[in-house]
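The same subunit A turns up in both complexes below, where it pairs with subunit B and then with subunit C.
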Partner chain A sequence: MWNFVKERWDLILYNALQHANLVFQAVLVATIVAILLAVVVNKFRMLESVANTLSAIGLTVPSFALVGLLLPVTKIGATTAFICVAFYATLPILRNAVVGFSQVDATLLESAKGMGMTELGILMRVRLPLAWPVIHAGVRTSVQMSMGIAAIAAYVLGPGLGGYIFTGLTQAGNENAVRYALVGTVGIVFVALIADLLMLLLGRLTISKGIRA
Partner chain B sequence: MTEPTPAVLDEPIPEGHEPSGKRGARVITREMVTMLTVPPILVAAVFGGFVWWRQTAELDVVEANQLRWSLLINSRFHEVFPSWNPMDWHAPFPSWNPATWYDGPLLQGLIWEHVLLTVVSAVIVVAIAVPLGVMLTRGGLKVLAPIVVGIANAGQAAPSVGLIVLLFLWLDGGFWTAIIALSLYGILPVLRNTIVGIQGVDPTLVEAGRGIGMTGWMTLFKVELPLSVPVIMAGVRTSLVLIAGTASLACFIDAGGLGEILQTGISLFKFSLMVTGAVLIALLALLIEWLGRVLELLTRPKGI
Partner chain C sequence: MTETGGTNSDRAISGAELRLDNVVKRYPGQKVAAVDSLSLTVPAGEIVTFVGPSGCGKTTSLKMINRLIEPTSGTILIDDQDIRSDSATSLRRKIGYVIQGGSLFPHMTVATNVGVVPKMLGWDSAKISARVDELLDLVGLDPDRYRDRYPRELSGGQQQRVGVARGLAADPPVILMDEPFGAVDPITRQRLQDELISIQRELGKTIVCVTHDIDEAIKLGDRILILQEGAQIAQYDTPENILAAPANDFVADFVGAGSTLKQLSLTRVRALDLNRPTTARVGDDTAPVMQHAEQAGDETVVVLDDRDRPVAWPWLRQMRNNPTVRGEPRENLLTIDQAATLNDALDTMLTSTHSKVIVTGDRDRYLGVLDFETVTDHMRHAEREAAEHVEQAQRENGVPGQGRHERTPEDSHD
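What follows is the complex of A and B.
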């Protein structure tokens, strides 16, 4: 096992970075989309239950099924993987962002308005910082979830460590099969752990000092 | 953070936090109502669309073969269990695999297999995780509870495909390997919620129970478990959704399930099969999630 990893170390590291990169990009896009959606939802309160229902339904749809639905449109490759991961990453963030925004004290918004802040200014400097701890928790969940979904997306040749798992599957019987599958699975768990630590650090750095628990 | 002041004055008060009318009646929130009504309607509509497409589209040989549908399904139960005699347990059963107890069109067989995979794993999960969770909240095992909850939280990141493939390489494929993989994957949410639910029970209530002369077992069954049922059932629903979704990967290890249609579609690059497989997997998952919600509602003790 040790030699197996050592011989392929460069490639494994490259794939691990690809995996992290896919998740990072997808979650980044998902965060932006989810926050924008949450701003709209927050403006029209009746959309709130629509957003919650949609995100619950979306999270129920298995990722393998979404891959199948996307394939006719986006073909085999990284695009499908990216859209699939980004779709699932959006849902927990959206849900948390809606909750986070609705928890911001209305009197604070009123005083911000009274101070002459613009709508955008209020969003960027009052609502977003106050809702950020909740949104950040959603992003953290998303990152963890996306790691596994990126592995499934490797079935349609998405980038990352999931490819090793499927190599192990197709080489069943070969002595390297288990090693491939192990490298893929354990590698993803490692990447997920590191990503979670980085997310914690990000939280420390970005959550405003005044509201830190 | 404080409660939001409603922006619109005539906004209905969220029903969940108000005792609704009669004392002892189950409380039903608006979100629960939407989640109980919307998915079945959606599933029915999309499935209707699928049937309409299936009846009107011109299918080629492969598609017709994969999507054959017949109202006459034979059970092979009597064939598999020739003359079942309780006194003769060593009768040579052709197969212990329930997926072979059926004879009929491929598609219906795969649906049956998918449902079986999900239900059998879910039952195993509940049978193992709830007693284990209870054990981890009592006596000397209590110290292990935070570790288990931590592992359960971290386990989310373990890729389901990896687990399935590793078990396949270890135990070979088939129905029961898939069941083991699915149960292992689904056990974490139920275990975590059982521990959290029981730990969340107000300790003064347990003490009151002991005070009126209840034994440890009685407080467990009459106080702690009923009070933590909502939390446990939420875990069961989460785990049902996880299992139903992961069952779509069972096709990789010769355990069938609806993933097979999707897999065939991907390897032949036939859009019709891909979309059919994907849509049916999604519909089944939604239906199972809905069943989980119904179960959640039905098992909730009155008054909580």
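What follows is the complex of A and C.
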């Protein structure tokens, strides 16, 4: 096992970084999309239950099935993998963002308005910072979830460590099959742990001390 | 005249005149207008309190002034300028807004909270931080200690002080307050009211303050607007005139019984003579101070800091053991502002071990000590005067108790 890893170390490292990169980009886009959607949902309150239902249904769609649905449109490759990961990454963030925004005290918003803040000013300086702890928690969940989804997305030759798992599956019975699967799995767990630590750090840096739990 | 306050003119006024002209607010689907044709002039530099039962439209009226609610018809003028001549946001940046509990942004430090409006107005950061420190000092919070704190690290009273500082930040001519002291305990509330009066004495803003508490309205207001259902004006007059001559039964009921006692809350501490017992500074030698106090027959010494603020009020026996005067003990140090009412003064004395209370002026500077006898003497005197006044009114009208619509020029407290 040791030699197996040692021989492929550079490639494994490269794939781990690719994996992290895919998740990072997908979650970044997902966060922006989710926040924008949540702003709209928050504006029209009746959309709230629609958003919640959709994100609940969305999460029940097996990722494998989504990959299959996307294939005819976006073909094999990184794009399909990216869209797939970003789709799932959006859902928990959207749910948390909707909740986070709705929890902001209405009197604070009125007071901000009464002081002469513009709509955009209120969003950027009051609503977003106050909802951020909840949104951040959603992003953190999303990062963890996306690590697994990115592995599945490797089926369409997306980047990352998922490739090792599929190699392992296709070579079942071969002496290296288990090693491939193990490298993929353990690698993803490591990347996920490091990503979670970074998310924790991000929280420390971006959540105001005044509202930190 | 050395005293300023009330409607006197010998002080700086930075406020602007506020005029409401036939203002109507009608919500769709409601038969009765929330505010029905309200016309009113608030003179520059005065505090006007809007008071009335809940649902009378007082908060709606207030929020129309900074366009949080747009009137259905009618005009509102600040300094003779229609408030709709500019955008709502730029109007609001020129009007201070203070609401219940301070409504501070919890994720911002005290300094950032206070600096919100100046920042929007594009002040540079050095000017903002200088202004923040100035304002914190004005509301009685030590800038070095509180500047970088978050709202949750402050008590309710301190949060409310920061809220007031934030409302004053960009030096707006008009300040709107919506139940500003509704969320704090009665003692803190009394202090905050005193401080507001003291700040107003210094700044001379035009302040509109909504409250449901008639006592607060009487205490704070240079004028009181008493509103009935539909924001109909029941009476708009000085507290003295409202108490002496309620315009109708609604006002009489609303002002309530015990209006003689309420007169007590019209009289400010500054109208009374204060005692000037022995004072000392922190760090003075104890011996000469003690000697001076004993000669003057004082049992206590008021200890001041380098900015003339009282910091301790020890009995002589407590001082004897220290070679120099110390700023301790602080426990029994109870102070009130010179703008506090006699009601508040009596209240405070009752809880003090001295049965006296220290009176302070602008920025907590020491003025003197008020004792129980001075207050009771004044009360007896006022009672006699009131009795004579009523007798006279009855003689003039022929009918007892019908002097209501008459404007009685009250020889007022200050």
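By our rule, the second predicted complex is superposed on the first by the 213 of 213 C-alpha atoms of A that agree within 3 Å, B and C clash if a C-alpha of one lies under 4 Å from a C-alpha of the other, contacts with A are read in each partner's own complex, and residues count from 1 in each chain.
Quick note on the criterion: a residue touches a chain if its C-beta (ideal position, glycine included) is under 8 Å from a C-beta of that chain, and two chains touch if they have at least 3 such contacts.
Keep in mind that this is a model prediction, so the values were computed, not measured.
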| request: Quick one: on subunit A, after the overlay, do subunit B and subunit C clash, or do they fit? Just give me the call. | output: fit
| task | Please indicate which partner A:181 is in contact with in the superposed arrangement: first for subunit B, second for subunit C, both, or neither. | result | first
| task | After the superposition, just quote the angle formed at subunit A by subunit B and subunit C, using C-alpha centres and rounding to the nearest 10°. | result | 110
| query | Where does A:53 make contact in the superposed view: on subunit B (first), on subunit C (second), on both, or on neither? | reply | first
| request: Could you figure out whether subunit B or subunit C reaches more residues of subunit A? | output: B
| task | Considering only touches as defined above, state whether A:72 meets subunit B (first), subunit C (second), both or neither. | result | first
| query | After superposition on the shared chain, which partner residues are touched by A:144: those of subunit B (first), subunit C (second), both, or neither? | reply | first
| said: With both complexes overlaid on chain A, does A:130 touch subunit B (first), subunit C (second), both or neither? | reply: both
| Nearest-approach distance, in Å, of subunit C Cα atoms to those of subunit B in the combined model | 9
| said: From the superposed pair, tell me which subunit A residues show up as contacts to subunit B and also as contacts to subunit C. | reply: 107, 130
| subunit B - residues contacting subunit A, complex | 1-2, 4-5, 7-8, 11, 30-31, 34-35, 38-39, 42, 154, 156-163, 165-166, 168-170, 241, 244-246, 248-249, 252-253, 259, 262, 265-266, 271, 274-275, 277-279, 281-282, 285-286, 289
| task | Using the touch definition up top, name the residues of subunit A that touch subunit C in the complex. | result | 107-108, 110-118, 121, 125-126, 129-130, 208-211
| Residue ranges of subunit C touching subunit A (in the complex, touch as defined) | 63, 66, 68, 89-94, 97, 99-100, 103, 105-109, 116-117, 120, 150-152, 166, 176
| What part of subunit A is in contact with subunit B in the complex they form? | 45, 49, 52-53, 56-57, 59-69, 71-72, 102-107, 130, 144-145, 147-148, 151-152, 154-156, 162, 165-166, 168-169, 172, 177-178, 181-182, 184-185, 188-189, 192-193, 196
